[in-house]
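Presented sequentially are two complexes of chain A, the first with chain B as partner and the second with chain C.
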Partner chain A sequence: MNTLLRRTIFPIYSNTLKISCRSLTDAPIKEQIDKIVKNNKVVVFMKGVPDAPRCGFSNAVVQIMRMHAVPYDSHDVLSSEDLRQGIKDYSNWPTIPQVFINGEFVGGCDIMLQMHQSGELIEELKKVGIKSALLTAEESKQKEAEK
Partner chain B sequence: MVYTEGYLKEKLTKDLDAVHVEVTDDSDGCGAKFSVLIVSDKFQGKPLLARHRLVNAVLQEELKSIHAFTQKTLTVEQWNAQKS
Partner chain C sequence: MSIILKPGVCNIHRNMATIAGVIESQIRSKLLSQLEAKHLDVINESYMHNVPKGSETHFKVVVVSPKFEGLPLIKRHRLINDILKEELQTGVHALSIMAKTPQQWDESDQNVESSPSCKGGFGK
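Take a look at the complex of A and B:
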(Lines of atoms letter the chains of each structure in order from A and count residues from 1; the text may use other names and numbers.)
(Lines give C-alpha, C1' and ligand atoms only; values in the text may rest on other atoms or scores of the structure.)
Protein backbone atom coordinates (compact mmCIF):
# COMPACT_ATOMS: atom_id res chain seq x y z
CA MET A 1 0.00 0.00 0.00
CA ASN A 2 2.74 2.29 0.98
CA THR A 3 4.69 1.59 -2.20
CA LEU A 4 1.58 1.97 -4.26
CA LEU A 5 0.85 5.26 -2.65
CA ARG A 6 4.34 6.45 -3.26
CA ARG A 7 4.23 5.35 -6.86
CA THR A 8 0.96 6.98 -7.67
CA ILE A 9 0.84 9.99 -5.46
CA PHE A 10 4.44 10.99 -5.39
CA PRO A 11 4.90 11.58 -9.11
CA ILE A 12 1.83 13.79 -9.15
CA TYR A 13 3.01 15.62 -6.10
CA SER A 14 6.50 16.14 -7.44
CA ASN A 15 5.10 17.31 -10.74
CA THR A 16 2.95 19.96 -9.16
CA LEU A 17 5.86 20.91 -6.99
CA LYS A 18 8.00 21.40 -10.06
CA ILE A 19 5.34 23.41 -11.82
CA SER A 20 4.70 25.63 -8.84
CA CYS A 21 8.42 26.15 -8.39
CA ARG A 22 8.83 27.17 -11.95
CA SER A 23 5.94 29.60 -11.89
CA LEU A 24 7.32 31.02 -8.69
CA THR A 25 10.63 31.85 -10.30
CA ASP A 26 9.09 32.89 -13.61
CA ALA A 27 6.47 35.21 -12.29
CA PRO A 28 8.67 37.65 -10.41
CA ILE A 29 11.02 38.44 -13.32
CA LYS A 30 8.11 38.94 -15.68
CA GLU A 31 6.37 41.09 -13.10
CA GLN A 32 9.55 42.98 -12.39
CA ILE A 33 10.05 43.75 -16.07
CA ASP A 34 6.41 44.70 -16.39
CA LYS A 35 6.81 47.17 -13.56
CA ILE A 36 10.06 48.56 -14.96
CA VAL A 37 8.73 49.21 -18.46
CA LYS A 38 5.43 50.62 -17.23
CA ASN A 39 6.89 52.95 -14.62
CA ASN A 40 9.35 54.66 -16.95
CA LYS A 41 8.71 56.40 -20.23
CA VAL A 42 11.86 55.11 -21.86
CA VAL A 43 13.69 51.98 -20.76
CA VAL A 44 16.80 50.40 -22.28
CA PHE A 45 17.89 46.85 -21.49
CA MET A 46 21.52 46.67 -22.48
CA LYS A 47 24.88 45.05 -21.91
CA GLY A 48 26.82 47.20 -19.50
CA VAL A 49 25.81 50.65 -18.32
CA PRO A 50 25.37 53.89 -20.32
CA ASP A 51 28.78 55.16 -19.24
CA ALA A 52 30.44 51.86 -20.10
CA PRO A 53 28.47 49.81 -22.61
CA ARG A 54 29.89 46.34 -23.10
CA CYS A 55 28.64 45.68 -26.61
CA GLY A 56 28.70 47.74 -29.79
CA PHE A 57 24.96 47.46 -30.31
CA SER A 58 24.19 48.64 -26.81
CA ASN A 59 26.65 51.47 -27.29
CA ALA A 60 24.87 52.54 -30.48
CA VAL A 61 21.56 52.79 -28.65
CA VAL A 62 23.19 54.79 -25.85
CA GLN A 63 24.65 57.21 -28.42
CA ILE A 64 21.28 57.67 -30.10
CA MET A 65 19.63 58.39 -26.75
CA ARG A 66 22.39 60.86 -25.97
CA MET A 67 21.94 62.68 -29.28
CA HIS A 68 18.27 63.14 -28.56
CA ALA A 69 19.00 63.90 -24.90
CA VAL A 70 16.42 61.35 -23.80
CA PRO A 71 16.17 60.62 -20.08
CA TYR A 72 15.90 56.84 -19.71
CA ASP A 73 16.08 54.02 -17.28
CA SER A 74 18.75 51.47 -18.13
CA HIS A 75 19.23 47.91 -16.98
CA ASP A 76 22.36 45.83 -17.39
CA VAL A 77 21.41 42.31 -18.46
CA LEU A 78 24.94 41.10 -17.78
CA SER A 79 24.33 41.65 -14.10
CA SER A 80 21.53 39.09 -14.01
CA GLU A 81 21.08 35.91 -16.02
CA ASP A 82 17.42 35.95 -14.99
CA LEU A 83 16.94 39.34 -16.52
CA ARG A 84 18.95 38.47 -19.62
CA GLN A 85 16.69 35.54 -20.45
CA GLY A 86 13.61 37.12 -18.90
CA ILE A 87 13.65 40.16 -21.12
CA LYS A 88 14.00 38.02 -24.25
CA ASP A 89 10.98 35.99 -23.21
CA TYR A 90 9.03 39.06 -22.18
CA SER A 91 9.33 40.83 -25.52
CA ASN A 92 9.75 37.71 -27.65
CA TRP A 93 12.87 39.27 -29.10
CA PRO A 94 16.12 37.30 -29.34
CA THR A 95 18.74 39.99 -28.89
CA ILE A 96 19.97 42.74 -26.59
CA PRO A 97 19.71 45.80 -26.49
CA GLN A 98 15.97 46.31 -26.24
CA VAL A 99 14.19 49.64 -26.03
CA PHE A 100 10.77 50.23 -24.51
CA ILE A 101 8.78 53.44 -24.84
CA ASN A 102 5.65 53.88 -22.75
CA GLY A 103 5.65 50.22 -21.74
CA GLU A 104 5.84 49.01 -25.29
CA PHE A 105 8.69 47.21 -26.96
CA VAL A 106 9.99 49.41 -29.76
CA GLY A 107 12.95 47.45 -31.06
CA GLY A 108 16.62 46.72 -30.84
CA CYS A 109 19.63 48.51 -32.25
CA ASP A 110 18.72 48.26 -35.96
CA ILE A 111 15.23 49.60 -35.43
CA MET A 112 16.42 52.44 -33.20
CA LEU A 113 19.03 53.40 -35.77
CA GLN A 114 16.51 53.41 -38.59
CA MET A 115 13.96 55.31 -36.51
CA HIS A 116 16.64 57.83 -35.70
CA GLN A 117 17.54 58.24 -39.37
CA SER A 118 13.95 58.52 -40.56
CA GLY A 119 12.95 61.02 -37.89
CA GLU A 120 10.39 58.59 -36.51
CA LEU A 121 12.12 58.51 -33.15
CA ILE A 122 11.47 62.24 -32.65
CA GLU A 123 7.77 61.58 -33.25
CA GLU A 124 7.63 58.59 -30.91
CA LEU A 125 9.31 60.59 -28.17
CA LYS A 126 6.92 63.47 -28.72
CA LYS A 127 4.00 61.12 -28.09
CA VAL A 128 5.24 60.47 -24.57
CA GLY A 129 6.05 64.10 -23.91
CA ILE A 130 9.80 64.00 -24.50
CA LYS A 131 11.20 66.65 -26.76
CA SER A 132 14.25 65.46 -28.65
CA ALA A 133 17.30 67.67 -28.40
CA LEU A 134 17.66 67.32 -32.15
CA LEU A 135 14.23 68.88 -32.60
CA THR A 136 15.14 71.71 -30.23
CA ALA A 137 18.33 72.32 -32.18
CA GLU A 138 16.42 72.28 -35.45
CA GLU A 139 13.90 74.81 -34.15
CA SER A 140 16.50 77.23 -32.89
CA LYS A 141 18.28 76.99 -36.21
CA GLN A 142 15.04 77.92 -37.96
CA LYS A 143 14.49 80.82 -35.61
CA GLU A 144 17.98 82.08 -36.35
CA ALA A 145 17.27 81.89 -40.06
CA GLU A 146 14.04 83.85 -39.66
CA LYS A 147 15.75 86.71 -37.88
CA MET B 1 26.23 24.75 -35.01
CA VAL B 2 28.08 27.15 -37.26
CA TYR B 3 26.05 28.85 -39.95
CA THR B 4 27.36 30.11 -43.25
CA GLU B 5 26.39 33.06 -45.41
CA GLY B 6 25.13 30.66 -48.06
CA TYR B 7 22.95 28.72 -45.66
CA LEU B 8 21.31 31.84 -44.25
CA LYS B 9 20.83 33.35 -47.68
CA GLU B 10 19.09 30.27 -48.97
CA LYS B 11 16.83 29.97 -45.96
CA LEU B 12 15.83 33.63 -45.91
CA THR B 13 15.23 33.70 -49.66
CA LYS B 14 13.02 30.66 -49.52
CA ASP B 15 11.04 31.38 -46.38
CA LEU B 16 10.47 35.07 -47.07
CA ASP B 17 9.96 34.88 -50.86
CA ALA B 18 12.79 37.37 -51.10
CA VAL B 19 13.83 38.77 -54.46
CA HIS B 20 17.21 39.78 -53.09
CA VAL B 21 19.18 38.74 -50.03
CA GLU B 22 22.66 39.82 -49.01
CA VAL B 23 24.28 38.07 -46.07
CA THR B 24 27.59 39.21 -44.69
CA ASP B 25 29.53 37.27 -42.11
CA ASP B 26 31.17 39.91 -39.93
CA SER B 27 32.73 37.35 -37.64
CA ASP B 28 35.75 36.31 -39.72
CA GLY B 29 34.13 32.93 -40.14
CA CYS B 30 33.21 31.89 -36.63
CA GLY B 31 29.60 32.31 -37.62
CA ALA B 32 28.29 34.31 -34.70
CA LYS B 33 27.97 37.73 -36.30
CA PHE B 34 26.01 38.50 -39.43
CA SER B 35 24.39 41.38 -41.20
CA VAL B 36 21.66 40.82 -43.74
CA LEU B 37 19.74 42.82 -46.30
CA ILE B 38 16.44 41.28 -47.30
CA VAL B 39 14.22 42.56 -50.09
CA SER B 40 10.78 41.02 -50.09
CA ASP B 41 7.23 42.08 -50.73
CA LYS B 42 6.24 40.13 -47.66
CA PHE B 43 7.28 43.30 -45.82
CA GLN B 44 4.70 45.39 -47.65
CA GLY B 45 2.49 47.33 -45.25
CA LYS B 46 4.36 46.06 -42.21
CA PRO B 47 6.09 48.38 -39.76
CA LEU B 48 9.76 47.83 -39.05
CA LEU B 49 9.18 45.87 -35.86
CA ALA B 50 6.84 43.45 -37.60
CA ARG B 51 9.34 42.96 -40.43
CA HIS B 52 12.13 42.18 -38.04
CA ARG B 53 9.91 39.84 -36.07
CA LEU B 54 9.18 37.99 -39.31
CA VAL B 55 12.88 37.55 -39.97
CA ASN B 56 13.56 36.55 -36.35
CA ALA B 57 10.84 33.91 -36.63
CA VAL B 58 12.45 32.39 -39.72
CA LEU B 59 15.81 32.25 -37.96
CA GLN B 60 14.47 31.31 -34.54
CA GLU B 61 16.84 28.35 -34.15
CA GLU B 62 19.83 30.01 -35.77
CA LEU B 63 19.59 33.16 -33.65
CA LYS B 64 20.22 31.10 -30.54
CA SER B 65 23.85 30.77 -31.58
CA ILE B 66 24.23 33.90 -33.71
CA HIS B 67 24.63 36.58 -31.11
CA ALA B 68 25.14 39.63 -33.28
CA PHE B 69 22.62 40.08 -36.03
CA THR B 70 21.97 43.24 -38.00
CA GLN B 71 19.08 43.36 -40.40
CA LYS B 72 17.72 45.64 -43.06
CA THR B 73 14.30 44.82 -44.39
CA LEU B 74 13.05 46.49 -47.56
CA THR B 75 10.13 46.06 -49.91
CA VAL B 76 10.93 45.83 -53.61
CA GLU B 77 9.70 49.39 -54.02
CA GLN B 78 11.95 50.69 -51.25
CA TRP B 79 14.88 48.80 -52.65
CA ASN B 80 14.42 50.24 -56.12
CA ALA B 81 14.12 53.73 -54.65
CA GLN B 82 17.33 53.21 -52.73
CA LYS B 83 19.20 51.99 -55.80
CA SER B 84 18.28 54.95 -57.98
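Take a look at the complex of A and C:
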Protein backbone atom coordinates (compact mmCIF):
# COMPACT_ATOMS: atom_id res chain seq x y z
CA MET A 1 0.00 0.00 0.00
CA ASN A 2 2.72 2.32 1.01
CA THR A 3 4.73 1.75 -2.16
CA LEU A 4 1.62 2.04 -4.28
CA LEU A 5 0.85 5.36 -2.71
CA ARG A 6 4.36 6.57 -3.26
CA ARG A 7 4.29 5.47 -6.87
CA THR A 8 1.13 7.37 -7.62
CA ILE A 9 1.94 10.47 -5.65
CA PHE A 10 5.54 10.87 -6.66
CA PRO A 11 4.96 11.42 -10.37
CA ILE A 12 2.38 14.08 -9.60
CA TYR A 13 4.77 15.80 -7.27
CA SER A 14 7.64 15.68 -9.73
CA ASN A 15 5.42 17.01 -12.53
CA THR A 16 4.33 20.04 -10.56
CA LEU A 17 7.93 20.62 -9.65
CA LYS A 18 8.90 20.54 -13.31
CA ILE A 19 6.11 22.90 -14.30
CA SER A 20 6.95 25.42 -11.62
CA CYS A 21 10.65 25.27 -12.53
CA ARG A 22 9.86 25.84 -16.17
CA SER A 23 7.67 28.86 -15.56
CA LEU A 24 10.36 30.29 -13.34
CA THR A 25 13.00 30.06 -16.04
CA ASP A 26 10.58 31.14 -18.78
CA ALA A 27 9.89 34.55 -17.36
CA PRO A 28 13.43 35.90 -17.34
CA ILE A 29 14.26 35.00 -20.98
CA LYS A 30 11.05 36.62 -22.19
CA GLU A 31 11.79 39.71 -20.12
CA GLN A 32 15.38 39.71 -21.30
CA ILE A 33 14.32 39.61 -24.95
CA ASP A 34 11.70 42.27 -24.32
CA LYS A 35 14.38 44.54 -22.89
CA ILE A 36 16.79 43.83 -25.76
CA VAL A 37 14.30 44.61 -28.53
CA LYS A 38 12.91 47.69 -26.81
CA ASN A 39 16.25 49.24 -25.92
CA ASN A 40 17.70 49.13 -29.42
CA LYS A 41 16.32 50.50 -32.67
CA VAL A 42 17.45 47.53 -34.75
CA VAL A 43 18.11 44.07 -33.32
CA VAL A 44 19.10 40.91 -35.18
CA PHE A 45 18.90 37.44 -33.64
CA MET A 46 21.14 35.26 -35.74
CA LYS A 47 23.37 32.22 -35.89
CA GLY A 48 26.94 33.30 -35.31
CA VAL A 49 28.16 36.89 -35.16
CA PRO A 50 28.13 39.57 -37.89
CA ASP A 51 31.83 38.99 -38.66
CA ALA A 52 31.32 35.22 -38.83
CA PRO A 53 27.72 34.22 -39.52
CA ARG A 54 27.14 30.47 -39.23
CA CYS A 55 24.09 30.20 -41.45
CA GLY A 56 23.50 31.46 -44.97
CA PHE A 57 20.20 33.09 -44.06
CA SER A 58 21.80 34.96 -41.15
CA ASN A 59 24.65 35.99 -43.43
CA ALA A 60 22.19 37.42 -45.96
CA VAL A 61 20.62 39.63 -43.27
CA VAL A 62 24.07 40.81 -42.14
CA GLN A 63 24.93 41.73 -45.75
CA ILE A 64 21.69 43.71 -46.14
CA MET A 65 22.38 45.62 -42.90
CA ARG A 66 25.91 46.32 -44.11
CA MET A 67 24.68 47.68 -47.44
CA HIS A 68 22.38 50.11 -45.66
CA ALA A 69 25.08 50.83 -43.03
CA VAL A 70 22.56 50.17 -40.25
CA PRO A 71 23.88 50.19 -36.70
CA TYR A 72 22.33 47.17 -34.96
CA ASP A 73 22.52 45.00 -31.93
CA SER A 74 23.11 41.33 -32.72
CA HIS A 75 22.60 38.22 -30.62
CA ASP A 76 23.97 34.78 -31.37
CA VAL A 77 21.28 32.15 -30.69
CA LEU A 78 23.86 29.35 -30.99
CA SER A 79 25.45 30.60 -27.78
CA SER A 80 22.31 29.91 -25.73
CA GLU A 81 19.67 27.23 -26.13
CA ASP A 82 17.41 29.35 -23.91
CA LEU A 83 17.67 32.27 -26.29
CA ARG A 84 17.29 30.05 -29.36
CA GLN A 85 13.96 28.68 -28.15
CA GLY A 86 13.04 31.87 -26.29
CA ILE A 87 13.17 34.09 -29.34
CA LYS A 88 11.02 31.65 -31.36
CA ASP A 89 8.40 31.70 -28.62
CA TYR A 90 8.64 35.45 -28.13
CA SER A 91 7.86 36.32 -31.74
CA ASN A 92 5.90 33.16 -32.56
CA TRP A 93 8.19 32.63 -35.55
CA PRO A 94 9.81 29.25 -36.14
CA THR A 95 13.10 30.19 -37.80
CA ILE A 96 16.29 32.21 -37.33
CA PRO A 97 17.35 34.95 -38.24
CA GLN A 98 14.82 37.38 -36.82
CA VAL A 99 14.91 41.14 -37.21
CA PHE A 100 13.29 43.67 -34.87
CA ILE A 101 12.91 47.36 -35.62
CA ASN A 102 11.73 49.66 -32.85
CA GLY A 103 10.74 46.70 -30.67
CA GLU A 104 8.59 45.17 -33.36
CA PHE A 105 9.25 41.90 -35.13
CA VAL A 106 9.75 42.65 -38.82
CA GLY A 107 10.59 39.28 -40.30
CA GLY A 108 13.26 36.79 -41.23
CA CYS A 109 15.67 36.58 -44.14
CA ASP A 110 13.07 36.36 -46.94
CA ILE A 111 11.11 39.38 -45.73
CA MET A 112 14.28 41.46 -45.20
CA LEU A 113 15.45 40.58 -48.70
CA GLN A 114 12.12 41.62 -50.22
CA MET A 115 11.97 44.82 -48.16
CA HIS A 116 15.47 45.61 -49.35
CA GLN A 117 14.54 44.98 -52.99
CA SER A 118 11.30 46.97 -52.84
CA GLY A 119 12.84 49.96 -51.05
CA GLU A 120 10.53 49.44 -48.09
CA LEU A 121 13.49 48.90 -45.77
CA ILE A 122 14.77 52.44 -46.42
CA GLU A 123 11.35 53.76 -45.39
CA GLU A 124 11.15 51.60 -42.26
CA LEU A 125 14.61 52.75 -41.18
CA LYS A 126 13.67 56.36 -41.82
CA LYS A 127 10.74 55.99 -39.39
CA VAL A 128 13.16 55.21 -36.57
CA GLY A 129 15.62 57.94 -37.52
CA ILE A 130 18.17 55.82 -39.39
CA LYS A 131 19.22 57.04 -42.79
CA SER A 132 20.16 54.20 -45.08
CA ALA A 133 23.57 54.48 -46.76
CA LEU A 134 21.85 53.52 -50.01
CA LEU A 135 19.64 56.60 -49.71
CA THR A 136 22.66 58.81 -48.99
CA ALA A 137 24.42 57.39 -52.05
CA GLU A 138 21.33 57.93 -54.18
CA GLU A 139 21.03 61.57 -53.04
CA SER A 140 24.65 62.41 -53.75
CA LYS A 141 24.30 60.85 -57.19
CA GLN A 142 21.32 63.07 -57.88
CA LYS A 143 23.21 66.15 -56.69
CA GLU A 144 26.07 65.28 -59.03
CA ALA A 145 23.63 65.00 -61.92
CA GLU A 146 22.10 68.39 -61.11
CA LYS A 147 25.47 70.19 -61.19
CA MET B 1 22.34 2.78 -24.24
CA SER B 2 24.90 3.47 -26.94
CA ILE B 3 25.16 -0.28 -27.65
CA ILE B 4 21.46 -0.41 -28.35
CA LEU B 5 21.58 2.67 -30.55
CA LYS B 6 24.62 1.84 -32.63
CA PRO B 7 23.29 -1.00 -34.78
CA GLY B 8 20.25 1.12 -35.51
CA VAL B 9 22.17 4.03 -37.00
CA CYS B 10 22.44 2.43 -40.45
CA ASN B 11 18.74 1.64 -40.41
CA ILE B 12 17.87 5.23 -39.65
CA HIS B 13 19.89 6.33 -42.68
CA ARG B 14 18.30 3.71 -44.90
CA ASN B 15 14.86 4.72 -43.70
CA MET B 16 15.51 8.36 -44.40
CA ALA B 17 16.49 7.53 -47.96
CA THR B 18 13.40 5.45 -48.62
CA ILE B 19 10.93 7.84 -46.98
CA ALA B 20 12.43 10.83 -48.79
CA GLY B 21 9.64 12.94 -50.14
CA VAL B 22 7.07 12.09 -47.48
CA ILE B 23 7.40 15.45 -45.73
CA GLU B 24 7.69 17.14 -49.09
CA SER B 25 4.37 15.75 -50.31
CA GLN B 26 2.78 16.48 -46.94
CA ILE B 27 3.84 20.13 -47.27
CA ARG B 28 2.59 20.18 -50.84
CA SER B 29 -0.86 18.82 -50.09
CA LYS B 30 -1.38 21.03 -47.02
CA LEU B 31 -0.48 24.22 -48.90
CA LEU B 32 -2.47 23.22 -51.96
CA SER B 33 -5.66 22.51 -50.08
CA GLN B 34 -5.52 25.18 -47.41
CA LEU B 35 -4.31 28.05 -49.58
CA GLU B 36 -5.95 27.01 -52.85
CA ALA B 37 -2.56 27.63 -54.44
CA LYS B 38 -2.58 28.53 -58.13
CA HIS B 39 1.10 27.75 -58.34
CA LEU B 40 3.18 25.80 -55.88
CA ASP B 41 6.82 24.77 -55.73
CA VAL B 42 8.12 22.75 -52.81
CA ILE B 43 11.88 22.51 -53.14
CA ASN B 44 13.90 20.28 -50.86
CA GLU B 45 17.15 22.18 -50.32
CA SER B 46 18.47 19.82 -47.65
CA TYR B 47 21.26 18.59 -49.94
CA MET B 48 22.81 22.05 -49.63
CA HIS B 49 23.34 21.48 -45.93
CA ASN B 50 25.32 19.29 -43.62
CA VAL B 51 22.62 16.63 -43.14
CA PRO B 52 22.38 12.96 -44.20
CA LYS B 53 21.53 12.23 -47.81
CA GLY B 54 17.79 12.06 -48.39
CA SER B 55 16.99 14.31 -45.41
CA GLU B 56 13.96 16.54 -45.39
CA THR B 57 15.15 19.38 -43.18
CA HIS B 58 15.52 22.44 -45.39
CA PHE B 59 12.74 23.56 -47.72
CA LYS B 60 11.84 26.45 -49.93
CA VAL B 61 8.22 26.98 -50.90
CA VAL B 62 6.88 29.21 -53.64
CA VAL B 63 3.17 29.78 -53.08
CA VAL B 64 0.87 31.76 -55.34
CA SER B 65 -2.52 32.14 -53.74
CA PRO B 66 -5.51 34.48 -53.97
CA LYS B 67 -5.70 34.23 -50.18
CA PHE B 68 -2.67 36.52 -49.93
CA GLU B 69 -4.62 39.39 -51.46
CA GLY B 70 -4.41 42.41 -49.17
CA LEU B 71 -2.13 40.70 -46.65
CA PRO B 72 1.30 42.16 -45.83
CA LEU B 73 4.29 39.82 -46.26
CA ILE B 74 4.59 39.01 -42.60
CA LYS B 75 0.98 37.82 -42.43
CA ARG B 76 1.43 35.66 -45.54
CA HIS B 77 4.50 34.09 -43.96
CA ARG B 78 2.72 33.56 -40.65
CA LEU B 79 -0.15 31.87 -42.51
CA ILE B 80 2.26 29.41 -44.12
CA ASN B 81 4.24 28.88 -40.90
CA ASP B 82 0.97 28.11 -39.18
CA ILE B 83 -0.20 25.59 -41.79
CA LEU B 84 3.20 23.86 -41.57
CA LYS B 85 3.46 24.14 -37.80
CA GLU B 86 3.60 20.38 -37.28
CA GLU B 87 6.37 19.90 -39.86
CA LEU B 88 8.38 22.80 -38.40
CA GLN B 89 8.15 21.25 -34.95
CA THR B 90 9.13 17.79 -36.09
CA GLY B 91 12.25 18.04 -38.17
CA VAL B 92 11.86 20.80 -40.74
CA HIS B 93 14.59 23.15 -39.69
CA ALA B 94 14.61 25.82 -42.38
CA LEU B 95 11.72 27.15 -44.43
CA SER B 96 12.30 29.80 -47.04
CA ILE B 97 9.08 31.38 -48.29
CA MET B 98 8.06 33.21 -51.43
CA ALA B 99 4.39 34.20 -51.17
CA LYS B 100 2.68 36.05 -53.99
CA THR B 101 -0.82 36.84 -55.18
CA PRO B 102 -1.72 35.55 -58.67
CA GLN B 103 -1.40 39.09 -60.02
CA GLN B 104 2.04 39.60 -58.45
CA TRP B 105 3.14 36.26 -59.82
CA ASP B 106 1.97 37.09 -63.36
CA GLU B 107 3.76 40.44 -63.24
CA SER B 108 7.01 38.99 -61.82
CA ASP B 109 9.75 37.29 -63.82
CA GLN B 110 8.76 34.05 -62.01
CA ASN B 111 12.37 33.47 -61.24
CA VAL B 112 13.02 31.61 -58.00
CA GLU B 113 16.46 32.25 -56.63
CA SER B 114 18.31 29.56 -54.79
CA SER B 115 18.72 30.03 -51.03
CA PRO B 116 22.05 31.21 -49.64
CA SER B 117 24.63 28.53 -49.04
CA CYS B 118 24.95 26.96 -45.62
CA LYS B 119 27.53 28.24 -43.19
CA GLY B 120 27.46 25.22 -40.95
CA GLY B 121 25.19 26.35 -38.14
CA PHE B 122 22.77 23.45 -38.39
CA GLY B 123 22.19 21.53 -35.19
CA LYS B 124 24.69 23.53 -33.19
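The definition used in the following text is that the second predicted complex is superposed on the first by the 128 of 147 C-alpha atoms of A that agree within 3 Å, B and C clash if a C-alpha of one lies under 4 Å from a C-alpha of the other, contacts with A are read in each partner's own complex, and residues count from 1 in each chain.
In this section, a residue touches a chain if its C-beta (ideal position, glycine included) is under 8 Å from a C-beta of that chain, and two chains touch if they have at least 3 such contacts.
Everything numeric here is computed off the predicted structure, so don't read it as measured data.
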Partner chain(s) touched by A:Lys47 [first = chain B, second = chain C, both, neither]: second
A:Val106 touches, of chain B and chain C: first, second, both or neither? both
First, second, both or neither for A:Asn59, with chain B first and chain C second: second
Touched partner set for A:Gln114, first chain B, second chain C, both or neither: both
Partner chain in contact with A:Val37 - chain B first, chain C second, else both or neither: neither
Which partner reaches more residues of chain A (counting touched residues only), chain B or chain C: C
First, second, both or neither for A:Leu78, with chain B first and chain C second: second
Shared contact residues on chain A - chain B and chain C: 56-57, 92-95, 105-111, 114-115
Touching residues on chain A, where the partner in the complex is chain C: 47-48, 53-60, 78, 92-95, 105-111, 114-115
Residue numbers on chain A that touch chain B, as the complex places them: 56-57, 92-95, 105-111, 114-115
Residue ranges of chain C touching chain A (in the complex, touch as defined): 73-74, 77-78, 81, 85, 88-89, 94-98, 115-122, 124
Residues of chain B touching chain A in the complex: 48-49, 52-53, 56, 60, 63-64, 67-72
